[in-house]
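Here the chain labels run A, B, C, D, E and F in written order, and each chain numbers its own residues starting at 1.
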Amino acid sequence: MSAHFVIAPVILPAALAGLMVLFARSPAFQRLGAVLGASGLIALALYNLTQASLGPTPYFLGNWPAPFGIVLVLDRLSALMLALVAGLAGVVLAYVLATGWDRRGAYFHPLFMFQLMGLNGAFLTADAFNLFVFFEVLLIASYGLMVHGGGAERLRAGLQYVAFNLLGSTVFLFALATIYAISGTLNMADLAQKLPLMPPEDAALIRLSAVLLLVVFAVKGALVPLQFWLPRSYAAAPAPVAALFAVMTKLGAYAMIRFGTLVFPTTLAATGALWGNILWAAGLVGIAVGAFGVLGAARLAPLIGFAIIGSMGVVVLTVSAFTAPALAAALYYAVHSTLAAATLFLLADTIIARRGGDDLAQAGPKMAQGGLISGLFMAAAVAMVGLPPLSGFVGKVQVLQALSAHAPVAWSVILLGTLVTMIGFARAGSALFWRVDTALSVPKHPAQPIAFAAIFALIAAMVALSLFAAPVAGWLAVTADDLMAPQAYINVQSLPAVAP
Amino acid sequence: MIALALTFAIGCFAVALLLNLWRLITAPTMTDRLLAVDTMVVNVIALIVLYGIKTASGINFEAALLFAFTGFVSTVAFAKYLLRGSIIE
Amino acid sequence: MEALIAITIGALTTGGVFLMLQRRTFPVVLGLSLLSYAVNIFIFISGRIALNAPPIIGMGPAPIDPLPQALVLTAIVISFGMTAVILMLALGSFLHRGDDSADGGGP
Amino acid sequence: MIGAGLDILIAALLVLGGIFGLIGSYGLLRLKGAMQRLHAPTKASTVGLGAVLIASAIGAGSWQEVLVTLFIFLTAPLTALYLAKTLIHSHVSPADVPPAANGAKWAAQPPIAQKD
Amino acid sequence: MGKWGSLRMSLFLLSALPFLGALLVGAVARFGKNAVALVTCACTAIALVAVLGHLPAVTAGQVIVAQMAWLPSAGLNANFMLDGLGFLFALLILGIGLLIINYARFYLSKDDPFARFMVFLLLFQGAMLGIVLSDNILLLLVFWELTSLTSFLLIGYWAHDAQARQGARMALAVTGAGGLALFAGLLILGQIAGSFDLSVILTKADVIQSSPMYVPALVLIALGAFAKSAQLPFHFWLPHAMAAPTPVSAYLHSATMVKAGLFLLARLWPVLAGTDAWFYIVATTGLLTMVYAAKVALFKDDLKAILAFSTISHLGLITFLLGLGTREGLVVAVFHIIAHASFKAPLFMVAGIVDHGAHTRDITALGGLRRAMPISFALALIAAASMAGVPPLNGFLSKEMALEEAAHTVWAGAAWAVPLMATLGAMFSVAYAFRFVGGVFLGPEKLALKDVHEAGFGLWLPPAILVALVALIGLAPMTSAGWLVELAASAAMGQAAEVKIYHWHGLSSPALWMSIAAFGGGALLLGLYPKLRALWNGAPRGDGKRAFEAGLGALIWAARASVLRLHDGALSRNMAIGFVSILGVCALAIWGQGLAHATRMATPLSFAALALGAVLLVVLALAVLRHGQRMLALLYVGVVGLIISIGFAYLSAPDLAITQITVEVVTVILMLLALNILPKTTPRENGFFQRWGAAAIAGAVGLATGALAYVLMLRDAGFPAISAFHLAQSKPGAGGTNAVNTIIVDFRGYDTYGEIIVLGIAALIIAAAAQGLLTAPAVRARLAAIFPMAGRAGDPHPMMLAVATRFLLPIGMLIGVYLYLRGHNLPGGGFVAGLVFAIAFLLQFIASGYGPSAARQRITYHSLIGAGVLIASATGIGSWVVGRPFLTSNYAYVRLWPLETFEVATAALFDLGVFLCVLGAVMMAIASLARLGQAGGTHGQKAAPQPKGGA
Amino acid sequence: MIRKIFPHPYLSLTLGILWLLLVNKLAVGSLVMATILAIAIPHISAAYWPARPRLVRPFALLGYIGIVVYDVIVSSIAVAKIILFMPPAQIKSAFITVPIDLPSPEAITLLAGTITMTPGTLTVDIADDGRSLLIHSLHAPDEGAIRDEIKSRYEARLKRIFA
């Protein structure tokens, strides 16, 4: 009996999207399907979390043995990411349905489902080339969602987003081809077995493929200096879509963690600390770029984009240590910052809809539901900056402690970044909510309780993440231990023995 | 005998291909360029077929057929573009 | 043969990268096409090269490695979809704004 | 005997095919008028390819090549027509073209009544 | 145990009370100001009673604790404790809070959102209470940062005032920055001590002070405390926070927020104090702050500014006392904390009353209010006298004790320095205190102030209560406050403190003489005030705020000039940076690594291959060099694709050859469709970068890629490729002889599943974008403008092609069916079949136009895509029925007359899904682009003729 | 009934033959498949071919094809000679108008295609009324002869084949 629950998070949205495309003319069906899909994915994610806690589960596609066929592996890390995607998708979908964003262009719901399919597929696969395929699925769906609704700015930003990501995809292929050429395999666990046995003169080629892969993940994770696409495209995208995209940078982090612990661990002689050193530098600069971007941004939406860059800087800086506590802290922070960024983007949308724009230099009218929105914004900003009492602070406590071996540099940069980001958010909040042009009439806007409920849900999630930090961190600590000792992940695939 | 003829024919079409290239570089009109490319397709198909004879393999028959099909469609499309700007009206 | 293929890959990459670094959308799209040619050949050669050894069972003693070919097929299809999308976005951006510059419009 | 005869036939077709193919491409360079150049590949190259295909068909005892040959012969006039139209459209002066019968107009030459 | 258990619970409840109160206030907001005030008061009062309820236990020397794990792995615990020190501060926070709430009830106007104010105030109160009740330094940090955040809200309460907004941001920035330094400091401290619980840390003085990380920890913690307590050079935020409503100033800046820094210094005193580093850092800062701020206070005209600088000065004094590191110093510091809170809060409240009544806080515009506001005058007089250190008030007592301590302090060998500075500070203090009272209430009555009346009962009662306390403590210090000081000081130093508060220390006490000097000096300063003022006005002075603003401004400018500038959406630059960084990391990766040697022989090169290679390279060069002529470049790129596909055919990849060429044609046609609308040429770039920079980068990337390819081709893999399995299992396992196809539809069918979805999505995006474009009026107008009909050839649909297509379309379909059916065993498959069908239909469109073809179309393209995805999914799911994983194929050889033996494979069904999806996607993309052209064409007929070429 | 199954019987026939050529096999299975496709594909594509050409003498078409194939070979030799041996200055090219009188688009198309593939001539354009062809002759010392040959050798035959 195969564990179909492993692949269900991929097939469910794909099949639903297929149905939605088939019945594209019925908006009611689209919405029904979307709700069913999101609820189903949440249920599956919860079930998969419990399953993954028991140990990794393989899924042999086509019933072919590894490494010859494609294998999916559900482990703690992938289950965590699936849950993050499902939860975020549910919230974003509720917001979209409440605000009618889905009606501003064609095919929103199938694209949304395909996006989820791509993300879930990428998190589940244990095959390097299949990872590429699902990267492409989620990317192309994201291109569609990004330009949903159309308009000059969105299309040009979309063009740049696509162009830059195509560069990433191309590098991905170069890297995979190099890996296959030197090792003859594509299965990640198989690579983990084979690379240490490669002749020493192949070290340069292994290192080359390692950095090429890192470049790919860096593009996805918006690591400096490959982050230029992010602020603009996220700002131009429909804000709820940008909220969903918050998880996409984490895909980059996921892939770095997966490959950095499984395929190119620090114990691999050829690569050693290569990844760690690059990530260390990229993380430090990323934090600075993110913080300065937040400080200097002239509009709210790109400001949030820069905050994402900064938070990814924190994540990869932490990952760069490649120790179990660091990975656990990085995962905690990654989950947190996904929620925080998503909250902020949804709020940005409510603000833009009520204020007529998110220009920070221009005083706007008093907003409908302004008091509530400002309170929510404060909470979200506090979370994103990493101030107490929300999950950002709890995350930073763990991150800083995990990095205490590199304290002088890492702590200074993280804390100074926090400070500058905080100043930036304070300026933005005061410009949006305090500096009101009373001469402008207050535009009426429906209250949209479900939209607010969605934002509340995200903040509640961050509160819960903070309150129940101990069980979460405990679970993540085991996850990190598993990652640092990936033998179980390899063993469940029953790979044939390797002889050089 | 066949081998010799085959080598000769392959050489002829390869040289023809280079002549097409020269035409492509020096073409006085866009039509000449299209013509050069269209002829290239013909010569390429010939080379594929000759290679098939040489290796006694029919494996590239589909390629030859599709080269003919797609070569035609693209020449028409480019010509239509020159004539009308819009290829699907 | 290997040298010729390597030169071809290098040349396609050079051309593709050069065009991708231009400021208008159309050259960028062309550049991406060239780059995808380069990468497709690159994947293909990861199975090394062989003449008259098609990956069909029963057609020869030592068929070429079929896996890279399958990967190239996937890559071709995906890059086709991507090219079509970016082309549409280039078109849309141009139709909205009246110029086809790929640059500009930052946050 | 029959085998040897077939071999000779195949070899001849191959040699002829090669020569025609070469002539077709050479004509592209040698002929001076743009309109003249259209003739070369349309006939010579097509026939050259046809010869090669027939040789292949005979050699392999396969009918598939006949299909390609048919296809080439079916589409060559269409290609030529379109290319000729582009020449008429932008490289040939209307004065150099004889009028159509009954006072009708040639399709490719502008300006023409629009009937999209 | 049971008894303490119930009290333990109450510590959690106690620290939660203000937050619960804030929620409750939000709930009752709609019932009006009184309801809000009542709830706020009730909450605060209950909390106060709860604190007082612990008095017996605390007095008995017990530490009340309440512990709950939060994130023990990081040392973060929700551990609370209440000892004497915490008790004192809790008393201040809640007691003065209660008074402030009542004051604010009458102070704020009808237009001010009162409930919001009270929510903020309670949140702030909760944060403060949390700081003083924390037993875990990380928990303390949580509350610490919360005070920064809530005070940001309180200071910015009057958000319409730009000063308030600025002041709030500045306070947040400075105290927040300090908080982050504190964060680092506390982390170090916790790591040294091995625990983040104060109860543990406080027992580890030796370990901490002998650690090499002691000084960094001390510096960072001190930074946090100094920023919060407005010590030099971070003091500047406090005066600007005076833009807040007066109750806020009275509460935050006299009794609570700024005292948090002092609390921290006192809390960590047992483990941090007593070293030279502590003394020189803390005491010096305090002393300098005291003198500097007192001097500035003398020259301020705004009442609240005077009080603000006075506060800074007194905080400096307390910091100095703590910095001494002596037990006596600590006792005096604790006593002065009480004294300062008791006289500074009423002074702020009086300033608010005056502001309310006279509508100005400018001391130069005020004067002679003693008759109009007698109560306020009395209150101000007593409080200010205490501030000046006039006996017998509590300020006098604490100042005498402080001067006494100063007199015994030697600073770097200089015995005179500290006493001198302390006396100077006291002198300024005397002067500004009397200037405050005199300037407002004494002297001639200003004409503009004729109608000023005393404030109502509600406004003066809260300060009156505190002033009464000032007097009470002054008269009976040991009875009224001695026990509290002892309680707090004992708790702070971790051992029984000796508290002796006297009015008279004897003539031998240096404090007496210093005090007398201070009064004399103060009188002199007031006498010379006009001259001094002129000097002050003329003297240049640093302005912390301006420096802060300038620094922040410069930072923002730098951010905009660097980071924002780099994110301006310059795709070409971003790409260039991307390529260069990729090259950089690759160079880093292979630097110093030996290059692998070749293990394979090179494959021979034929003349035909060389000719093809030459064609490819030359045409590629043409395409790149002449890319400005777009159609031409497209033609060249098409030729490159053609050569590549023949290359695939030559190199034993027939499937690649046919896929490449069919995809190529569809791509070229899509590009032609787009080019019909886009500009026909690319303007020549004259920029150095676009030509030479791009060429250099491109050349380097190309060289690297080519070299890598060359190395890989001539070297064998380290292990046998997994594809050996695919070749071996293709026929027996997957039922097909074409190993590429069996990989695609079977071994790696899951990749293909993703791949067709990519294609389907691409089509959906294109269709959605086209639909969006067609509904935008500006787009339609532009389409019309770029579609001139003049200059086009006539006859869009020549008869010959139309007739030929009647055959070519069916033949195309026939070829498609053929390719589909044989794909499993020979080159072909659903993908190519779909493309061939699409090309056949495309030809139909070219020949006869989209309109008539669309009219004849029976199936929508999107349903083809949907059906394709569903069929592929269903095929995969089908294997679940037999208990096998997704996409497990099955095949059988079926004998079915008259079709001989043929193979039925589920993979073929999967391939059908591929076929439908590909066909639908390609057609949808083409149709969408064609519709755009059509929209332009129909408009174009009406548009004025323009020369061909559009833009 | 037959018309319902085979909307374009000649197309069906062509497709059936082409299928057998494609699969390169004459077996029962191939014939059955050829029949299925010969029925199915014209049905799908019938929408794009609304009118039906009238072939009066279908078998005469075979003779016509024979003539054309012969002419194609001859014509290519002629063209080859001109390319290889005739000095460019001596090549006398000309546009020639050929008035035509054929009943159906299919017939006109066939004629135009034939002209292109046969000696030295190339169909360039069709008049917008469909009543004359513009042809280009590579080497036309006598335009009238060429016009006459086209009319007599090809057009006359086509008239007989298509009613």
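Throughout what follows, contacts are C-beta pairs under 8 Å (C-beta built on N, C-alpha and C of every residue); 3 or more make two chains touch, one makes a residue touch a chain.
Just so it is clear, the structure is predicted and the values come from calculations on it, not from any experiment.
Chains touching both chain C and chain E: A, B. Taken together, chain A and chain F share the touching chains E. By number of C-beta pairs in contact, B-E leads when B-C and B-E are compared. Chain-level centrality, scored on Cα centres against the all-protein Cα centre, points to A. Farthest from chain D in terms of Cα centroid separation is E.
Set against the C-alpha centre of chain A, every other chain centre is closer than that of F.
Look at where the CA atoms of chain D average out and do the same for chain E: the two points lie 69 Å apart. If each chain is reduced to the centroid of its CA atoms, chain A and chain E end up 16 Å from each other.
Separating the centre of chain C from that of chain D, both taken as means of CA atoms, is a distance of 32 Å. With centres taken as mean Cα positions, chain C sits 27 Å from chain A. Listed for chain D are residues 19, 26, 38, 46, 62, 64, 67, 71, 74-75, 77-78, 81-82, 85-87, 89, 105, 107-109, 112-113, 116, each touching two or more other chains. The multi-chain contact residues of chain C, meaning those touching 2 or more other chains, are 20, 25, 28, 42, 45-48, 52, 54, 56, 59, 67, 71, 74, 78, 81-82, 85, 89-90, 92, 96, 102, 104-107.
Of all residues in chain F, those touching 2 or more other chains are 18, 22, 112-113, 123, 126, 128, listed in ascending order. Of all possible chain pairs, the ones that touch are A-C, A-E, B-C, B-D, B-E, C-E, D-E, D-F, E-F.
Chain contact summary for the complex, chain E toward chain C: residues 564, 567-573, 575-576, 579, 600, 602-605, 609-610, 613, 616-617, 620-621, 623-624, 627, 630, 633-634, 637, 640-641, 644, 647-648, 650-656, 659-660, 663, 666-667, 670-671, 674-675, 677-679, 682-683, 685, 689-690, 693-695, 697-699, 701-703, 705-707, 709-710, 712-714, 716, 721-723, 726-727, 730-731, 737-740, 743-744, 748, 751-752, 755-756, 758-759, 761-763, 765-766, 769-770, 772-773, 776, 778-779, 782-783, 825-827, 831, 918, 921, 925, 928-929, 932, 951. Residues of chain E that touch chain F in their complex: 794-795, 798-800, 802-807, 809-811, 813-815, 817-818, 844, 848, 853, 856, 858, 898-900, 902.
The touching residues of chain F, counted against chain E in their complex, run 11, 14-15, 18-19, 22-23, 27-29, 32-33, 37, 41-42, 44-45, 47-49, 105-106, 108-109, 112-113, 123, 126, 128, 130. Listed in rising order, the residues of chain B touching chain C in the complex are 55, 57, 59. Touching chain C in their complex are the following residues of chain A: 129, 133, 136, 140, 143-144, 147, 150-153, 155-160, 162-163, 166-167, 169-170, 173-174, 176-178, 180-181, 186, 231-232, 235, 297-299, 301-302, 305.
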